[in-house]
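Down below are the structures I want you to see.
Two complexes, one shared chain (chain A), two partners (chain B, chain C).
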Partner chain A sequence: MPLSAARDRDGIVLALLVLGACCLPLVFGAYGLRVATMVAMYVALAQSWNLIGGYTGLISLAQPAFFGSGAIAALIFLVNGAPVWLAVLGSLGVSLAIAVMVGAPTLRLVGHYFVVATLLVSEALRNLVLNLNAFNFNGGISVNIVSKVGLTALSPTTYNQVFYYVMLGLATTAMLAIFALERSKWGLALRAIRDNQRAASALGVAATRLKIAVVLASAALVSLVGTAWAFWIGTVETNEAFSLTLTFEIIVMVFLGGRGTLWGPLLGVLVVLFINETIGVELAEITQVVSGVIVVLVVLLQPDGLIQIFRQGPRAFAPKTLAANLRRYRVR
Partner chain B sequence: MSADILAVAGLAKHFGGLRAVDGVDLAVRRGEIVGLIGPNGAGKTTFVDLLTGSEPPTGGRITYRGTDITSLSAHERSRMGLARTFQVPRPFGDLTIRENVLVGALFGRGERRGGRPEALDLANRCLERAGLSAVADQSTGSLSTAGLKRLEVARCLAAEPDLLFLDEPLGGLNPTEVKDALGLIRGLNDSGITIVFIEHIIPAVMSLCHRVVVLASGRKLADGDPSEIVANPEVQRAYLGDVKAAVRRFGARRRAATRPGGAA
Partner chain C sequence: MQICLQIFFDSLLLIGLYSIGALGFALIWGVLNVLNIAHGAFIMLGGYLTFLLWRNGLDPLLAIPATMAALFAVGWLIQRFLIDYVVSGPHSLGIALTYGLNLVLIGLALYFFTAEYRSINLPPYLRGYVDIGGAKLTYVRIVIMLIAFFLTACVWWFMDRTELGAAIRATRLDMEAARLVGIKVRTIFDLTTGISAMLAGAMGGLIALLHSASPAMGDQYLLQVLIVTVLGGLGSIAGPMLGALVLGISTSLVSNLWGATYSTLVGATLVLLVLVLKPSGLRGRAFYEA
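This part shows the complex of A and B:
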């Protein structure tokens, strides 16, 4: 059931984008490729967060827990002599186990209780790992992961290209997950749950089960991105792997572009990273101010995200539309 | 199988010290329309919450078509053929009217059975029945109170219920809308759906229901034919007198809404 005909174009656009992205290494130098890899990583993370924050309406701050466990667990597997494939699968397993332990109790929470609980989980795990000194691993010391895998044998160009395609693969998977969800009955169920869970349950939607499934899918993706990130940057530091800042950035991108949509998060990533890579390079001091102002303006005037501008065209800027958007903030 | 579709024994719900539902027994026979009346705060909505699994009970047992469903969740009960409307309609605001109904069609009773086209077909039939076909692709924001109440019913129908709880489906409707709604409800019952009907508009309850149950302070006060209930002095004291007073207070508009219900 393509619920609206306009969405039928999404598949073609997505295919063309991925195809184009595959060709980028042919034209990009080392710097360009590094930025492209970062874009792909952010897209994968933004869509993973969008799965939860956009489609279930839960503002989760557990993403650092999954990203960090994906990175650190992979590292621990490697330093203990495990092959790369086992490190990838093993760390995925660790993240999923955490997701199950975290998801089951926190999904019963509502509103800000959920936000705080997920934040606590991420921070607790970061502190746990910081103080971990076992399995040939010391959480307080940054570890060079590259030397552990024999990846040093690769030329820098090949190395960068490998990780570009890995991140692109993850970003594509995340986009496809949202694409498929929007076309499935589960996407409809999630939107129903977000609007009115009691009514959705009364109509036969297994709300809690569905939310746990979404949390697991999201955690799995984030964990894999975390693992890939660890290999890519080479030197892993615990505080960076469990960085809340990264998650806040991601959340801003999703809201900016338009949460609960296929293209919104991609748009948000592109806009923010574009600002960072342009103004951010020339006028580093004022990037924060510029992106701050943009975020505030968008949140106030286009609360459904920049994607609305694509959907509505010039109508999105009509004074009447803007006024109506502003009125949504009126306190009743 | 017995003629009872639903049997409730000693059902209770306490909110802290408040006994919202306080040990209620009830049997509902297949095919009947049971009216559930009682003053504000009597526990009617809470009772429906318990029966449909929206809230866990403090005590008691619920048997549906011979199966103990007391510990089943709301979605499991829905898939067995229980459905309810909500007293305060709150549609899925991000979804169109058709999509709202589609949720019931995809996840209710037909969950395992149907494919997409079947579900869409079912949803369209339910929209038609509730008189919402013309506006099906609009957003729910465009609906009036009457429209929202119809959407509540259409969503439930799409879940293909055997037993339907209607929580004040006439609240806020004008006389014409009340008449239409009563026609719709009768039609549902004629097509084999057993109905439990909560309503404050007494003439409507008396004309529609085969049997009336009175709740007051979480307890069952009376249970019998509509005529018996009206004549019951205890009910008069606890509730009906109350309504007469309320009708006088709210004045002409409310009175106008009450009368045609009785005539319908």
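This part shows the complex of A and C:
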């Protein structure tokens, strides 16, 4: 299939998916809607990470810093009497400020040093917030802020629907961002940086500027998702907002589906959430073992992600392909 | 005076523990260029194994070497059957693989041992303490310090004075050249991960002896190990030790003065400062040098 036809097909599928997702509240009950909201939230987060990790090749673990600052800063704004719009914009500003402060020094680092630095940024910020004692905030807020979001007049069903559409909007934005990136020269530039930064720079790609732009875009999206999440669930615990586990989960989803692709992260989110819902929360440790085994198997046997099944058809899971994948990165 | 001594002894203990953990971690990072997230799980395995051996009647101090031997085998097998298959891929694959492994091992620990803290009842000869200038130094802490420093010295001797250590260093410097002079690179990789897991196991066992074993202990100490490794830089025995020195002193200083909640913050801030000012670590070298 020619590239332009594939892109047109991508656009049509995306439009249909969004349209279908908009109608979901008509058929779903409370539980179904909750799961659908989670899916939308994870898709938004997965695509934001895909932007950094998949297309640019930077394994960033700084996402909790943006998610947490988006959530906690919005809470602090609300608790201190700020209106909702100010809370949203203010927390976005805080996250972007953090992204600039973090991005400038860490983006110079190479390889594992970048991974470790971004991990420590998240952990440092989490500990900083836990020790914060200001603005009616003492390492956490025990107040449920649902009443402060200004939607108390709504019934619980409508309330949940509002946040479903908010998350869906964010997820759509993230998908569209990746979609647009795939069609633009910036997508090619990012992949060139990922595959060989020195060569890309020599050909005139402004690597550092592009990387900072990507980090900022990703941080903004993650921060908005964090804010929406905080408003949705009402009471937010600091450790949960800055949880590294969430980010690792997201990374696993992106890897599972296929990093650096439009549909891979969506596929990964659906597969992982389906597994989690099937096994259930009562058996959390079993879920953990199963997802760990899946990660190991995917890395060994299908390092380009499950998306390969759409590209190669059933051949992607033929024993011969799997064996070749297994041998691909083996030490000789 | 008393608090100074207390800080001094606390930091000596932490330096010992962090050193052996970080030496193992830096070894895999340096030789295989893999950021081993499962290092935390190795630490946890060491803790539980020591606990299990003690519960089955072994003296805790004898359980430590047994644990180390078992973890050496675990590391060897994990390298041969898992990590070997991602070594020449992009480095994100190694992170993903070891993260998956970490999930599996922690999940299994949760399943078999639950999230409860398991601690070891010390034998009589490890109870009691010496009083030095008002600072209490328990026997078990002295023993743990001695074991940790002994192990660090052993690693130095092995890497610097034996043929196998030289082969590891050569592989790290240039894999192809090492192969040309007849070094079996795959065996060296197995050995490297074996030693790394063995040191992690020792760290976990000593922590179980000092505090307790729990499924969460791995991730908690992995963070400290990361901080120490980057602070000191790769490529030397002295690097992780220097990192451990800086983190050990600052951690015990901060937790004695302000409280333990600030210690991670201080460690992380130190690392970020070092990374900004000197991206190869405090004592980083391009390759292994004693």
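Keep in mind that, in the parts below, the second predicted complex is superposed on the first by the 316 of 332 C-alpha atoms of A that agree within 3 Å, B and C clash if a C-alpha of one lies under 4 Å from a C-alpha of the other, contacts with A are read in each partner's own complex, and residues count from 1 in each chain.
Note that a residue touches a chain if its C-beta (ideal position, glycine included) is under 8 Å from a C-beta of that chain, and two chains touch if they have at least 3 such contacts.
Everything quoted here is computed from the prediction, not taken from an experiment.
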{"item": "Partner chain(s) touched by A:14 [first = chain B, second = chain C, both, neither]", "value": "neither"}
{"item": "Partner chain(s) touched by A:74 [first = chain B, second = chain C, both, neither]", "value": "neither"}
{"item": "Which superposed partner A:285 touches (first chain B, second chain C, both, neither)", "value": "second"}
{"item": "Which superposed partner A:295 touches (first chain B, second chain C, both, neither)", "value": "second"}
{"item": "Touching partner for A:201 - first (chain B), second (chain C), both, neither", "value": "first"}
{"item": "Which superposed partner A:192 touches (first chain B, second chain C, both, neither)", "value": "first"}
{"item": "Greater chain A contact set [chain C / chain B]", "value": "C"}
{"item": "Those residues of chain A which chain B touches in one complex and chain C touches in the other", "value": "none"}
{"item": "Of all residues in chain A, those that touch chain B in their complex", "value": "1, 3, 185, 188-189, 191-192, 194-196, 198-207, 260"}
{"item": "Touching residues on chain C, where the partner in the complex is chain A", "value": "29, 33, 35, 82, 84-93, 95-97, 99-108, 110-111, 185-186, 189, 223, 226-227, 229-230, 261-262, 264-265, 268-269, 271-272, 275-276, 279"}
{"item": "Chain A to chain C touching residues, read off their complex", "value": "53, 57, 59, 105-106, 108-109, 111-113, 115-117, 119-121, 123-124, 127-128, 130-131, 248, 251-252, 255, 259, 284-289, 291-296, 299-300, 303, 326-332"}
{"item": "Interface residues, chain B side, partner chain A - complex", "value": "52-54, 73-75, 78-79, 83-84, 86, 90-95, 99-100, 102-104, 106-109, 111, 116, 119-120, 155-156, 158-159"}
